[in-house]
Amino acid sequence: MAPGTLVHVGEERTEKPKITIIDYDKDNYQERVVETVEECFPFKDYPTISWINIDGIHQVDIIEKLGKHFGLHPLVMEDIVHTSQRPKMEDYDNYIYVVLKMLWFADDDTDVKAEQVSIILGHNFVLSFQELEGDTFNSVRERLRNSKGRIRTMRGDYLAYALLDSIVDNYFIIIERFGEIIEDLENKLIENPSPETLQNIHDLKKEMIYLRKSVWPLREVINGLERTESPLFQDTTFVFLKDVYDHTIQVAETVETYRDILSGILDVYLSSVSNKMNEVMKILTIIATIFIPLTFLAGMYGMNFSYMPELGWKWGYPAVWTINILIFISMYMYFRKKNWL
Amino acid sequence: MAPGTLVHVGEERTEKPKITIIDYDKDNYQERVVETVEECFPFKDYPTISWINIDGIHQVDIIEKLGKHFGLHPLVMEDIVHTSQRPKMEDYDNYIYVVLKMLWFADDDTDVKAEQVSIILGHNFVLSFQELEGDTFNSVRERLRNSKGRIRTMRGDYLAYALLDSIVDNYFIIIERFGEIIEDLENKLIENPSPETLQNIHDLKKEMIYLRKSVWPLREVINGLERTESPLFQDTTFVFLKDVYDHTIQVAETVETYRDILSGILDVYLSSVSNKMNEVMKILTIIATIFIPLTFLAGMYGMNFSYMPELGWKWGYPAVWTINILIFISMYMYFRKKNWL
Amino acid sequence: MAPGTLVHVGEERTEKPKITIIDYDKDNYQERVVETVEECFPFKDYPTISWINIDGIHQVDIIEKLGKHFGLHPLVMEDIVHTSQRPKMEDYDNYIYVVLKMLWFADDDTDVKAEQVSIILGHNFVLSFQELEGDTFNSVRERLRNSKGRIRTMRGDYLAYALLDSIVDNYFIIIERFGEIIEDLENKLIENPSPETLQNIHDLKKEMIYLRKSVWPLREVINGLERTESPLFQDTTFVFLKDVYDHTIQVAETVETYRDILSGILDVYLSSVSNKMNEVMKILTIIATIFIPLTFLAGMYGMNFSYMPELGWKWGYPAVWTINILIFISMYMYFRKKNWL
Amino acid sequence: MAPGTLVHVGEERTEKPKITIIDYDKDNYQERVVETVEECFPFKDYPTISWINIDGIHQVDIIEKLGKHFGLHPLVMEDIVHTSQRPKMEDYDNYIYVVLKMLWFADDDTDVKAEQVSIILGHNFVLSFQELEGDTFNSVRERLRNSKGRIRTMRGDYLAYALLDSIVDNYFIIIERFGEIIEDLENKLIENPSPETLQNIHDLKKEMIYLRKSVWPLREVINGLERTESPLFQDTTFVFLKDVYDHTIQVAETVETYRDILSGILDVYLSSVSNKMNEVMKILTIIATIFIPLTFLAGMYGMNFSYMPELGWKWGYPAVWTINILIFISMYMYFRKKNWL
Amino acid sequence: MAPGTLVHVGEERTEKPKITIIDYDKDNYQERVVETVEECFPFKDYPTISWINIDGIHQVDIIEKLGKHFGLHPLVMEDIVHTSQRPKMEDYDNYIYVVLKMLWFADDDTDVKAEQVSIILGHNFVLSFQELEGDTFNSVRERLRNSKGRIRTMRGDYLAYALLDSIVDNYFIIIERFGEIIEDLENKLIENPSPETLQNIHDLKKEMIYLRKSVWPLREVINGLERTESPLFQDTTFVFLKDVYDHTIQVAETVETYRDILSGILDVYLSSVSNKMNEVMKILTIIATIFIPLTFLAGMYGMNFSYMPELGWKWGYPAVWTINILIFISMYMYFRKKNWL
């Protein structure tokens, strides 16, 4: 395929993409769900800030029309619909393109799902593209609607920051949930390690590997935004970007910490298995080493030789029992000394 | 051997190298397979873009003639025919030399084969050298033929980019296939780990090591092209190179991810073996510890002492059975409590 | 939540925050505990150095009032009350914000607790915020009171340094305590490894991971202070910062060293378990391989065949004993040779 | 010892060092073996290129005389005779000093030997010092004699490059041989792992560690030469140095690859041992768990109680056999189900 | 404690510190042991080079007096008496402070002891502070006394270099000794691995960790001296510093190499234990699986059933022996085939 060809890569979907426009400045605010992408076009040149959010990127013609009108590079459009992008940030002189992963737990609460989110910051517009409805942006919408905080008084760069911030803040929820899962695992491990525990450790390790793939490049993304000299970013926004950057670092470090801890848990699990085997072996050894000599002795006096003087002795039989008990006691003492009992 | 001596290093081949010329500009297009290398010479100074592709580098005289006519440095010619090059990029003022690996699965679908591809970007020509016929360039040829996309309107740097892009895009297919193989392995592991699984893990790990050797240096290659100040590259092409660079990073990271996952799989495999051994030991221990004392008792009453009062008792025999059953039950309870049953 | 919203994140507390003011210059010194935060306000513009310390950050309105009066950025105030900050340093033109962790052992002496400390260095004031009463600053207070050393003759940057220094110096106590715990563990390991040892190793490894999270970023923090070009820092203070920096490096390296040693201890532990199992197996094998053949022989002569010539022999029975003793001795010699006894 | 004191460190040798002079320019060529070091002195100021090669550095007075005449720094002379140098490159304004390791297999073909080679590049002379006769320079001598390639038309920097190139090229032979040894090891591993295999893996790992010590610093050496601004190096030589540099990188990467593969082989070996133990355990368990209950039953009917009704039954004995066979079959079925047979 | 407070940290000592002064230039030389520190003071301003060496830093007042007279920063004095410094180099405009570790083997030859050495290089004096009498400086003293080499003709920077050089050279002795210990360990490992070996490996690994802590920062120290622009260093000295730097790198690399080798030895040890266990298991399995069926058979014919036709057969008893021998032989063949014998 020629580069810049728009092909949706990702889960097949059929629902109609939902286009929402929020247009605001300090004094005005309107929010609209539109049916056709063409309704978005006039917002490009409004002096107010327009945030156009698209839920659903599987209908590439919508992306294409919007992209062409807003002057996006074909490769940017290709990346928006190609859902396996590595988080990155690209500065095209008159707009900035950021792509990253929005994370959420699937229903069963242990499997993390990722959704690709693309954010375009232009002169007075912000475009955001998501794979699915439902996102972490509700708090941003609320603050816009109620003119809470400084968001309505700032420009589009602050809106883009607010969107990024809400995505990164959501990572903390994921991270905390994993913290709990890992703690549970550790407790289970001490109480009752099972082969299933091993599978859990392996699954968690894999989740961490995938989480890391989403989070690590994000550091460069935010760092890239911080260092950009694009006039789209105002000086007052940089301190907020620094804040998101710190959060990203913290998430990334926590993921690494969890990997270290999971490695430790694996070690403990493996040693537990070893210890259990050791215990099994000890029991076998104790029983066998005590009874094998006794059984041998009994076997000796079960032989049918004509001439076996002991057999005729009156105290022969009690003597065997006595010897047995002595062997038993001395073995018991030996294992006691060895700390096996 | 003196440096710059052309010696083909690689698999022995006998077929005649195939030389294809594609010459084009915005309005014209011709495609030709030529018999002798000399037929390529005039294309050097045409104002149109000429792409000369050689399938087969084992006849070094062809490379030498072509190289001399197009002004290649002897070391470049040496590298073209020496098929164990590490991917690299070299900027000779009037041309740029890129060498990298084209990857494909051998017939049995698990063994990756690599073919060395050299690309020379000159003022208005692109030379490409491959070990074998058959490549990933068909989509590029198609776009050239049908004047699809922007390729016919751009210069040779874009063609070189398109060739690189098609090779790197093909890596994703390799990577995806390995993803499936690894997933299969994980499933097999849970169901039924066997020593063969171990061999598979080891083989996959080795494939990853070799894949990494092809992919990691590629990042520097593309990065080198991005940063080159050569006039051969036009500004508009850099954004496309950035795109290939992102793909390379993604492939490299996925290879690392797979290595991590394979390490995890190995851990799971080793623990499974341990667990199985543990299970074997438990069964042995249960059987042995239950029956050894019973057998001892039977042995005792098999002794032939003249004076063994129990032997004369009427209830002696049933008593032994009763004791046996009691021992059996108490052992069973013990192992139950220990969670072995 | 909008960025810059003050929400206390951390352990729930109810006690009233304690506000202490120490105001001094070369000749004057006063120390006061005030009831309301408003009493601190006048100190902002005094020519003397004022150190305002707040023990307790759970009442966000206090932080907010103080922050607003002293001109702190909303994000700084948010970070002060959000107790999960990664150590960092931020240079806002007219003040410098440093946040780090103060560490101390909980009562049982093996579990490290962390308390977030924020330090604001302004033109002639230093603000410090802690989660709890009780800190490592007593030596600083003592030196201020008694005008010991150069502290009273220096400006606020030296006070900020002194606070940092006292926190970092305290890390050495933590580190030393861990050194002793690890040494204890090593001794126990050699004498008597137990599954509990494993749990101890795992717990210590986790402590090291968390310690590292507090210490590593601190290097960048101090380094950031050293390189700052803020006029708040006087040239004479940099040599002291360098000293703290060296201490931070030393603590960080010791943490790494401890991690390495703990890994080594884990290896020794695992091998000890393996060795013990080996010893158990040897005992079982020695007993079993000696007695199983003997028992077999006894079994043979316990058979009831009518025609078994040996049974009638006079020396049959002593012969069996002799054979048994010979088998026993040769087995003993064999195991001796194998170094099992 | 004072720095700059010449003491030979290395294997003791007694043979007389051999001094060879090759003096050439485009049109003239002479080759001489001289008896005394003084015969070399006049060559220092000849306009032709003189290559003085010393085989044997154990007679330090020769090195000292030569070094003094050619103006070498005492530390350079010390390094030449001290055979445990780490590969390095030093630029003394009027000459460049390079020291590296020449590698070759000892007779038994698995043990790599290293010989220190020092190369001094002066204005129109090249000095080379080796520990022993016999080297990788024969191809260079041949090209000089026969005026093959560009070597006779170039200056001393090209000769120095040619010597480096021949040493680095020889590394590939070592590397290839190790590749074969490792492949052999892998095959043996699958067929028949033995404790000896483990020793082989360990030895190879050690070889890799030592190989790495020779190769890694070489990258910096060649890189240093590439970046030198010494007038001793002509522009045309840099492209050749770049070529050697690529080779060095390739060798270094291959060594790393081999280390990774050897780690993988060790894992496979350890698992094989585990698997074998598992197999041993299974056989023991199968035999023991089948026969122990049977033996117990036989023991029961070997008891000598007066009142054991079964003993009198006509079908008692066949019944025991029948029960035995049933137990045997059901055990067999059980192990079959468990996949142990 | 206030920063800059002098408190001796280190082993308690009571002997009187020994102060030695060596004062020299090209033509003059005097060497003196003085009683009081005040006798050193006049040497500060002599035009000759004065080397004042203090053996014993536990009497802080001596250090304080000397430091004050020679204008040392309080933090430097604190570091001199605080014996747990990380090696570092600090450039105070009119003097340079270097602190590092002098290493030596304790009497039993396996435990490395470290002693902190501080060196102050001033305009025409060098101060050196050691914890104990006895050092590696004797060769330097000898060269000074005998005016051997260039040392008497150079300035204080060369003396400082000579002291550093003698300390670093001594590291090679430590390193070599460890090389021998490791080789011994490897040999013992092959011949007779014991749990004690494991302890040795662990101890050596720990020694390496501590050695590394002394050596790694030293690279930065020497590198810092090389890059310093202090007028205290003359151009001719830099080439000597480069030499020490190379030695430091070599020591550091060797320590890393030893760590790698020790890891390899640990792997071999663990596998040996595994292999031994395997061997033990095999013997047990062979004996048990051969004799258990035989014993069962003997048990069968030991039963007391009235009707057991085989018991009456004439060839019954020999038949059992024959069967036993057949079972024995077939088992033997089976184990032979399995390569267990």
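Letters A, B, C, D and E mark the chains as written, and numbering starts fresh at 1 in each.
Heads up, the rule we're going with is that a residue touches a chain if its C-beta (ideal position, glycine included) is under 8 Å from a C-beta of that chain, and two chains touch if they have at least 3 such contacts.
All of these numbers come straight from a predicted model, not from anything done at the bench.
Peer 1: Following contacts chain by chain, what is the lowest number of steps it takes to reach chain D starting at chain B?
Peer 2: Minimum number of steps from chain B to chain D: 1.
Peer 1: On C-alpha atoms only, rotate chain B onto chain E and read off the angle in steps of 5 degrees.
Peer 2: Result for this pair is 145 degrees.
Peer 1: Distance between chain A and chain D based on Cα centroids, please, to the nearest Å.
Peer 2: 42
Peer 1: Centre to centre, by mean C-alpha position, how many angstrom separate chain A and chain C?
Peer 2: Chain centres of chain A and chain C, defined by C-alpha means, are spaced 26 Å apart.
Peer 1: Spell out, as numbers or ranges, the residues of chain E touching 2 or more other chains.
Peer 2: 270, 274, 277, 281, 284, 288, 292, 295, 299, 302-304, 308
Peer 1: Connecting every touching chain pair, does the picture come out as line, ring, star, complete or other?
Peer 2: Topology of the interface graph: a ring, with each chain touching two neighbours.
Peer 1: Head round the ring from chain B, going the chain D way, and note every chain as it comes up.
Peer 2: Chains encountered around the ring, chain B first and chain D next: B, D, E, C, A.
Peer 1: Quick check on the complex: what are the chain C residues that touch chain A?
Peer 2: 1-5, 73, 75, 84-86, 88, 90, 92, 192, 195, 198-199, 202, 205-206, 209-210, 213, 266, 269-270, 273-274, 276-277, 280-281, 283-284, 287-288, 291-292, 294-295, 298-299, 301-304, 308, 310-314, 316-317, 320
Peer 1: Quick one: which bits of chain B touch chain A in the complex? Just the residue numbers, please.
Peer 2: 139, 143, 148-151, 162, 165, 190, 239-240, 242-243, 246, 249-250, 253, 257, 260-261, 264-265, 267-268, 270-272, 274-275, 277-278, 281-282, 284-285, 288-289, 292-293, 295-296, 299-300, 302-308, 339-340
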